[in-house]
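Both complexes below contain chain A, partnered by chain B and then by chain C.
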Partner chain A sequence: MSRRAGLWWSIALIALALAAPFLFYPVFVMRALCLALFACAFDLLLGYVGLLSFGHAAFYGGAAYVTAHCVKVWGFPPELGIVAGAAAAALLGSVFGWLAIRRQGIYFAMITLALAQMVAFFALQAPFTGGEDGIQAVPRGRLLGLIDLNHPLAMYYFVLAMFVVGFAIVRRAVNSPFGQVITAIRENEPRAVSLGYRAERYKLLAFVLSAALAGLAGATKCLVLQFAALSDVDWTTSGEVVLMTLVGGVGTPLGPVVGAFVIVTMENYLAQAGSWVTVIEGLIFIVCVLTFRRGIVGVIAPCLTGRAAAPPAPEPSPP
Partner chain B sequence: MNGRFAAVLPAALLAAALLVAGGAGAQSPDAVRIGVLADMSSLYADLGGPGSTVAVQMAVDDFGGSVLGKKIEVVSADHQNKPDVASSIARQWFDEKGVQMITDLTTSSVALAVQEVARADNKVILVNGAASSDLTGKACAPTSVHWTYDTVSLANGTGAAVVKAGGDSWFFITADYAFGHALERDTTAVVEANGGKVLGAVNVPLNTADFSSFLLQAQQSKAKIIGLANAGGDAINSIKQAAEFGIVAGGQKLAGLLVFVSDVHSLGLQTAQGLQLTEAFYWDQDDKTRAWSKRFFDKTHKEPTMVQAGNYSATMHYLEAVKAAGSLDSAAVIKELKSKPIDDFIIRNGHIHDDGSLVHDMYLYEVKKPTESTAEWDLYKLIATIPGDQAFKRPRGNECPAVKG
Partner chain C sequence: MFSWLHIAMPPAPALFAQLLVGLINGSFYALLSLGLAIIFGLLNIINFAHGAQYMMGAFCAWFLLDWWGIGYWPALVIAPFAVGAVGIAIERLLLRRLAGLDHLYGLLLTFGLALVIEGLFRQRYGSSGLPYTIPAELIGGKNLGFMFLPVYRGWVVVFSLTVCLATWFVIERTRLGALLRAATENATLVQAFGIDVPRLVTLTYGAGVALAALAGVLAAPIYQVSPLMGANIIIVVFAVVVIGGMGSILGAIVSGFALGLIEGLTKVFYPEASNTIIFVIMALVLLVKPAGLFGRAA
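Right after this comes the complex of A and B.
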């Protein structure tokens, strides 16, 4: 029964994803999809390894800058530009991770924040990033030399494909022996080590994977909006992804996606309602944390699919 | 839950999505929409923000509320000073909501991002809030006009006047983003062209609360003039803290390169007295500005800034150009705008250059001493009127491809 309900939900969501550009404004959905992928990448680290990174904007924004520069200045085709962006984020992630995973909790968060601030400062001062102006007017180009991405529908399905690939990688990683090991490390690191697992290596690998996927999201976003700007690497973006993940539901498959759509919708539609965006965002965050700590999906999904309430998701380790 | 109903909820979700999407598109098709994209909640909200929407609405009402037989609607949004939010709202307005023209556009990075969207969509933007002269320089676009002021005119106004009055050595406190750098660059050129020299500069992050270390650097530079290449809340904080540090009492002078009447009002005359600054508009210029400002004051309980007044002027001229051209086509409207002089009670002796800059008279003001002021908003005295061709003359020429040839 519950499996059947889950199947219907999957069909509805896939239908919605395919029909979305006809129902909603495509650029808005594309931006939300990019941020949803970003939140999924972040949740891989927070929900399954229990590490709260406060510097993920460095990978998201860093990749956006690399892609923008490759595509605009060096004339890369879009697919290579995205690969370059994600690769740069993975490289950056391996350096950050190598330094940061030695600590946990608040120290881990502060190290990642400090490193990300260095990236933000670099983006502000380096000559090729254009300072506060960012890199503007990035061409979308032709995918594989064939498909013109300037067409909104082509761009939308390309972004959707990027999202599905990233989402699938996260799910595959979580539901694999590797995923079991990182969950074990989250639950009890000394015990995992005593069982013979090299915890540091697993954590580093998860960190790099998370960084690369965040980079994939940032690189795709850069092609959607056609610019890379300072706000992408700003610490507020790191904060926003934490917000999205917590509101949606930490450690749930669809939680980060739902959270991202909720936050982006608020940002976009409340903007036209006046000066209340940040206040309302804050209130929603407080309500979520106080009343349903497992996030929107963590609380609602069991009811909707007819499943008995899932075992309570573990509390994220206190930062 | 019963298995038979397992499909009902997902189907309901789809149906709801369809309904929401259908409802969102249901706007009256034949209206002319004008978008006010401004900082409604943060550091520039006071100088533009909700007041800009009021000013644009006033222009629409004064115009009669309709053009070419269509109703005129004003839409507004808060870009939160984020270029990505601004860019996606602008795209949506142009593509979906039928917005024909966007105005205000505070913050240079936002204006530059929206200008790229407008260029791609071939729509009109009239920039009033942002200052960077790059908007009509290397980034210039055929369907945008930089209306009220830019960094060049501010530099020519304050920079030249202060050097001529003996302030020949400068130190800059610069907001570390596009606008601040452009202002510092343009003012440096003016100062040097007038025989002054620049001893140094320090870059300060946007929205800084504590200026003490930067002010100490400025003090140690021994420059006669400390140029504040920042705006809004940053300008207020730096002027306030400079007064606390006794910088003015110690013999150095402050030159506000972009200070708005709203800033001076919130600083108070005691703190701001003697500050020299350049504006395009001051409410107390003559009977016409006083009459209009009174109407604005009745709605907002504040006197208008030059950005808000500029939004009124830009909207009015845009609507007149639409009427004269008999079309909403961007190229035709811009051609019409450029063909006539721009001269009203806000913008005087103006005309629009091919690069998109609106060249018009600017004014150098000095903030009154508390003893000279007779009313709450009686803040400025006029020092000089700077004719447009002097105020908007670029000391280093223009990089805009449209005028470079």
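Right after this comes the complex of A and C.
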């Protein structure tokens, strides 16, 4: 990215993010921001380690349930509730990751999907998750005992802060020596191993980080919408985050964010259309896979920032 | 000796009834994972639309009966061919374009297909199930002394076992199967011998899809015909495939039936875990033998 164009785009985006609650319906933007963070967390795994997880809803929804329970039943303040949700997601991620990284490629996708389905059954059957109803009427509370999150603007800037923190962690991880190693593992795992890197450890660490951030997104979403529901842990949510990342551009910094906003906007407009939303999402999947594998950001960003040569599309590593 | 173990032994008929339910589920797991394994062998694609195609098979039987009054027995033949034809079109129009790309794209494409198919059916028929009656010849049941066996359920187990073994025979013991296995090992070489490998690939995908549709027809009188029936079963079948490993046809059949039985037993002794037992077993198998019980090491 040429420096000056990149700077201008960054300033424009920051201004838009700060002004958004005055321009759009705040809850809509907040929900989109949570899903954008979720997609960024997911893309850390797909775009940089080359692992397609089809079970990320377990971390997103699992954290939402934990936060809902902590805040509503145990009376945690919101900041602690979110920390608890993200920590639970990280713990769950370390177990799932420990199991799933034993296989690669499509097996990895099937394993994560199956493990996440266990969480979905748990959420349906456990005595404290509210079954079909989920956990409703979760109080937003006072942040640090000072700021009343029931005020829409306060909630919005809190969500924005959570998003920026999560996004910064992803960027920092990707642009660190750790990020270089996981990319090396994606490109050529045997070679990375022969250079002395313990691929399993790096993969597991990336998985746990991704799960924790997905949990951060789910926990924040739980406070925004004030409920945790079965749909949060459902496999359709896992599919949705794949779709967002694919549409926006796998392995691009802003791709998952753009994808999340595109998909959430579409769902918003088609809310009355029932199952047609599913059909359209399926069609977008098919079109993206067949003709648009670099995604919106992967195609547009090089034009906008005036970079001469487009980077090669980051493709997930062969299994 | 096991007085510390508080497991209530259920009465024998209840136990056998649950074992039968397990065998029925196992039949569907076996048929579906068999189809998945065949498709994966040649196309290197995990067919995420497999559940949707199973659902299409059930709906095809329902359409035949409801629209034209065509009964169960013809449907058992027509539905696999009809849905298999749809599969062939999908392979020709869509999957073929993914040649040379990462296998994950095949998974994503078929996932999109599953969403489209299931969304369309749900838009038209809602989420509640449609009833499909058991054919007259298979109504009723037999008292075996130790349990009551509904004839239709017995038929499903016997028929799907026959289909599974026939498929195994075709693949392992016939010339066509030899070609298929050769193309799995080295497609380029087989093509050099003058075999039309692209056509073989198309037909293989069609056959795998037809197996799913056949399972759907068999399932129609047992479960309700519902747009969601495929989505519910496919994730379990994925776990079955991970447990069995996809290297072996016989492995897919054996693990399908075995896991159905284990699930049935869990329903008797510890019903709370019956939904998740297969996933737990998957986790254990991954710890002990990551390539799957019958799989070749990666």
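As a working rule, the second predicted complex is superposed on the first by the 311 of 319 C-alpha atoms of A that agree within 3 Å, B and C clash if a C-alpha of one lies under 4 Å from a C-alpha of the other, contacts with A are read in each partner's own complex, and residues count from 1 in each chain.
Just so it is clear, contacts are C-beta pairs under 8 Å (C-beta built on N, C-alpha and C of every residue); 3 or more make two chains touch, one makes a residue touch a chain.
Since this is a predicted model, take the numbers as computed values, not measurements.
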Clash or fit, chain B versus chain C on superposed chain A: clash
Contacts of A:R31 with chain B and chain C, given as first, second, both or neither: first
First (chain B), second (chain C), both or neither touched by A:V83: neither
First, second, both or neither for A:I300, with chain B first and chain C second: neither
Partner chain in contact with A:T278 - chain B first, chain C second, else both or neither: both
Chain B versus chain C as contact partner of A:D133, first or second or both or neither: first
Which superposed partner A:L225 touches (first chain B, second chain C, both, neither): first
First, second, both or neither for A:L290, with chain B first and chain C second: second
Shared chain A surface residues [contacts with chain B and with chain C]: 274-278
Residue ranges of chain B touching chain A (in the complex, touch as defined): 1, 3, 6-7, 9-11, 13-14, 17-18, 20-21, 24, 40-41, 45, 49-50, 75-80, 82-85, 87-89, 91-92, 95-96, 108-109, 112-113, 116, 119, 134, 139, 176-179, 181, 206
Footprint of chain A on chain C - complex, ascending: 46, 94, 97-98, 101-109, 111-120, 122-123, 231, 235-236, 238-239, 241-242, 272, 275-276, 278-280, 282-283, 286-287, 290, 298
Residues of chain A that touch chain C when the two form their complex: 52, 99-100, 102-107, 109-111, 113-115, 117-118, 121-122, 125, 235, 239, 242, 246, 274-279, 281-286, 288-290, 293, 315-319
Contact set on chain A toward chain B in their complex: 1, 4-5, 8-9, 11-13, 15-16, 22-25, 27-28, 31, 124, 131-134, 136-137, 221, 225-227, 229-232, 267-268, 271-272, 274-278, 304, 306
